[in-house]
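Think of it as A, B, C, D and E in the order they're written, each chain with its own count starting at 1.
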């Protein structure tokens, strides 16, 4: 594998990481149809944990089988596949080497009454399963946020020492954060910045709305005249909050929506300088052929061919 | 021992496990009268912990003696015997090699006021006692669910590393889950799926009723027209939720009931593609001869001879 | 030391224990005037922790000196002496080898407002002090019961690995358990059974009353017609609940009472098949000569000479 | 150093300790003007933590400098100097070998709202700083008492293994203990006894008043006619509660008071068989010359020369 | 590097530290334009964590890039640069050896509802990133203060063992401490003293106001006539509370303010014997040239040239 100049530039910003971790970041950045472009398209399948199997897979029952997602991610030419322990264990051998995998190491579920997640996998699991990275969710604002941060701190130190990359899902919720606040522009940027500060290599946040949540932030956003009217501008702000673009940031697709909505969002992410998308339900809840077509179009957008 | 093709197929789905763990799964799957068929009949005796000795054993006082259950499981040709530390310690030497044992590593009791279990045994105990697997209960929904999940995560990683299999009792209760919700179809499938996601090799759930508990699930079950009117269909749904049948799932017998009720349930489990039954009180609270007869009939059903 | 056939039989039920642990159980079972009979008479002195020094020792001030209890236990020909760390440290060297000791590893005190105990000694302490066993109290029913069970689980695994025996004081209290419930027959049997299930070698409970506490138990005790009218019958029930007599169970003396009351209780314990008594305050709060006489009489009862 | 017969006798009661720990106890017992007499006079300076620097040192600003206290303790011929980590670190090298030091390993402060202490130093710190002992405060009665006891249990085991001595400040407070209860005779004796039971080598309590706090104790103190009218008698009771004098017990000076009050208290401690005093504020809040004079007089009292 | 006599004198007070730690303290004290003078000027950039990226960096967007702060600190000739993990990782290689770095190991954020911080970096991180020291915030008074103290205790022991220096931000807040109390003179001095007692090498507090917060302190400050009317006098009191000047204490700049205010504060710190300043927002929120000018002037003040 010859690493592209674009990817070399991205890797150079991870200047404190060892060659093992840089190698795994390169594996992800060089893989699939976006390989070498600095853009990423990742398939995450942890919705079975978060929402239950039927809500996740009944619309397209092929998804009950863990192999389906591996194949879909490979056939679509995606950058990586992210899932909880059981899902990865069920396909890691069959698809060894075929696509970089991200082991999601914590999960919540719909029966929970607090804003926390349970640890469900370890760095040791990621190593034995041949994963390129670990994934972890933090809930900034939640009453358990510090415990979550301390858990990823420990896992991240361990992962970096053995040459794995670290992907952080930074989803503000709980405590003083309202539903609207969860995707407010200041909060999304803050969430992304915190993930960067705790040492994430790849940051995942939701696309920000034009709302500003914290009073103290409102004054600054007004005084500094931070552009927020278009999604592209808001993406730019999040990218800036990720060490001025020195950390990879990808955006989630959120709830199932129509194709035009998805493509418009992806275009804004691209134009705002975001590194890509991580799209779950919008992918695997469609029939395979439709999903492949959709992913092909998203890839075209990121390749500036659409 | 020559492993049957049926069992080889089942084992092939555990593609990330080491030969030690696969060997122990094979020991269970090849043992007893159902050996080699891919079906399992397991005797669990942890009711003394959960309900007290008299409520468990007074109806058939032979059961106060730990050897009774080992002998019963062996004589009936069952697949495995599962019990807490003290019960296994009291017979592990006398019956070494005679039947695969599952060390139940956590337990609750009737005096408890919260939905939690205490750790009562370790992977080290399972090894020194020659067990084939560890067993562990999680209570999805309970306020302590994440601690329970994190405990089994740690035990499971340790067990897999030393070649043991992992059996998870997934019993939703507590928090928002009502009594009816505990056995609702969506909740049973969700509980089974979570156990699969945290890496269980064998999953134990209760037979689901035709009730749907979560509002968000009701919409999906209606929209996707998921068949739920017969127990066979509901079993199929749970099997599907276990990685489309790639994980072994067995069903508990629940409270003592009449023989016809038991046989009907077993037939539905078989027809729905479930891997078998784990029957405690219905077994050891009957006189030995009656119990042996009942187990013989259940085995016949699983062998399609009844 | 030649181990008697009676003791060999008892030891054979501890079939999963290593020779070190069996050797220490044998040390206790073969020691003193009851040596070889399968009966035990143990002196526990942890009341200074539980009730304070004056309430414990002022009635017989010799007891303030830790050596007093060692000597008393030795001179009376008892089976073992149990006490907290400081008490054992203060005599372990002077009386090394003279009597088996049980290091009580947790303790509560009269100033506590919750039903818990603090860990006050370790397995390492027991080894360096030459003890034959560790002792530990659990409070089934208490809000802290699972933490207590998890503590003894860990200590017991460690103790068994280094060849020590494990003695569990199983005293239901707290939570839903009322004062009357603490000594109810179903609760005492349940408490003894739980201690057996978590792997105790020697179980200590209170003599049960003829009360039945749990509603679910009441039905079973009535339906199964479990004899409960005499203390002998209730002791039999507790013995049965200890793996049908395969685990040693001893009974505490409770609050100070008159000699006739003590002897009657001991006779019932003997006739019900209990393995012996563990008597603290009734021993050391009497003048030494009276205590020796009382213990002599108890020994006679257990030897069937009274 | 030739150890006096008196000290040898005291050491002989620590029969389970290794030569390292006995050696460090001997260092303290043989040091200073009371060396060899079995009496101790210790300077503790942790009031900066408990009350703040100005409340502690402003009355005699020399005390802001950690060296001042080392020098004062050495020049006065005291037995040992006890202080938190920072204070010891700031003088351990300059005064290495000049006086035995006790590293106070936990501390509270005036801003705290619960009755607990924070761990602030370790056994490893004590070793690298050349200390003879670790010091630790427990608050019997407090809601955090069991955590405190478990912390010192662990530290004490570690300290004894590496040959250090263990000094326990046993100060009842919190929970059901009222302000008056904190120094009640039964509570002081109970606190001293608990410290002995958890394995302390040197016990520090407050001089008891003639109040009896616990109802259950009142009956016993009355029934047994325990002498309590003079401080000497109450000291005797505390000494008796320390394993009948087999554990060293010293008494704190408490709040600053006049010299006559101090000398009277010291005389009672001596006459009651106490092993000495540990006097902080009354020492370092006086000008150095006055403090030296006061300490000289206290030493004379303990030497029976006053 | 030839260590100045002034710095040698300062280092001599850290008499219990190993040469590694003294070497790192020397690196900080000898670096930059104040090198060798015993004065320090430190740039801290953890405001992105505490307040979010826009509130921190939008006024001068160059600050979004982690390299900006490294360069600024180097170009201004500062003593050290302090930041959380991600910020240090993003520049540690580019600027290796160019300026001593302090790895801030815990952080809070504006979404938190309690007065605590999350651990976000380790001593291992500090070593692999070539840092000279770890930094840590405690909140004396907060309900979580003891946990924070216990965390830094453990980190500090580990850091000292591997030759790192320890910088403690001691910021009273929470519990009984009011907003005004946070900067009251007695509380600032108390906070600084506690940091010294737990073994900090460099202490960071806020400049004290002339308010006295604790009632018990008010009496003492009045009785002892402690000078408090000028900031210089209050700085002197804090310096005295840091082991009479034997521990380095620096003062934070607090919220953005005008230049005259900053210079007046710095002059008072210098005249009161403080060791320097740690100035974040007032530095990086100004345009680079203005910031460099301001820092130049502060350095002149500390050099007694202004």
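The rule is short, and it goes like this: contacts are C-beta pairs under 8 Å (C-beta built on N, C-alpha and C of every residue); 3 or more make two chains touch, one makes a residue touch a chain.
Keep in mind it's a predicted model, so treat the numbers as computed, not measured.
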If a chain touches chain B and chain D alike, it appears here: C
Angle, in degrees to the nearest 5, of the Cα rotation that carries chain A onto chain C: 145
Approximate Å spacing (C-alpha centroids) for the pair chain B, chain E: 58
Whole-Å gap between the CA centroids of chain B and chain C: 36
Touching two or more other chains - residues of chain D: none
Touching residues (chain side chain C, partner chain D) in the complex: 48-49, 51-55, 58-59, 61, 64-66, 84-94, 107, 109-114, 116-122, 124-125, 128-129
Interface residues, chain C side, partner chain B - complex: 13-17, 140-141, 143, 145-147, 149-150, 153, 157, 161, 172, 175-177, 186-187, 189-190, 192-194, 196-200, 214, 216-217, 220-221, 224, 226, 237, 240-241, 243-244, 246-247
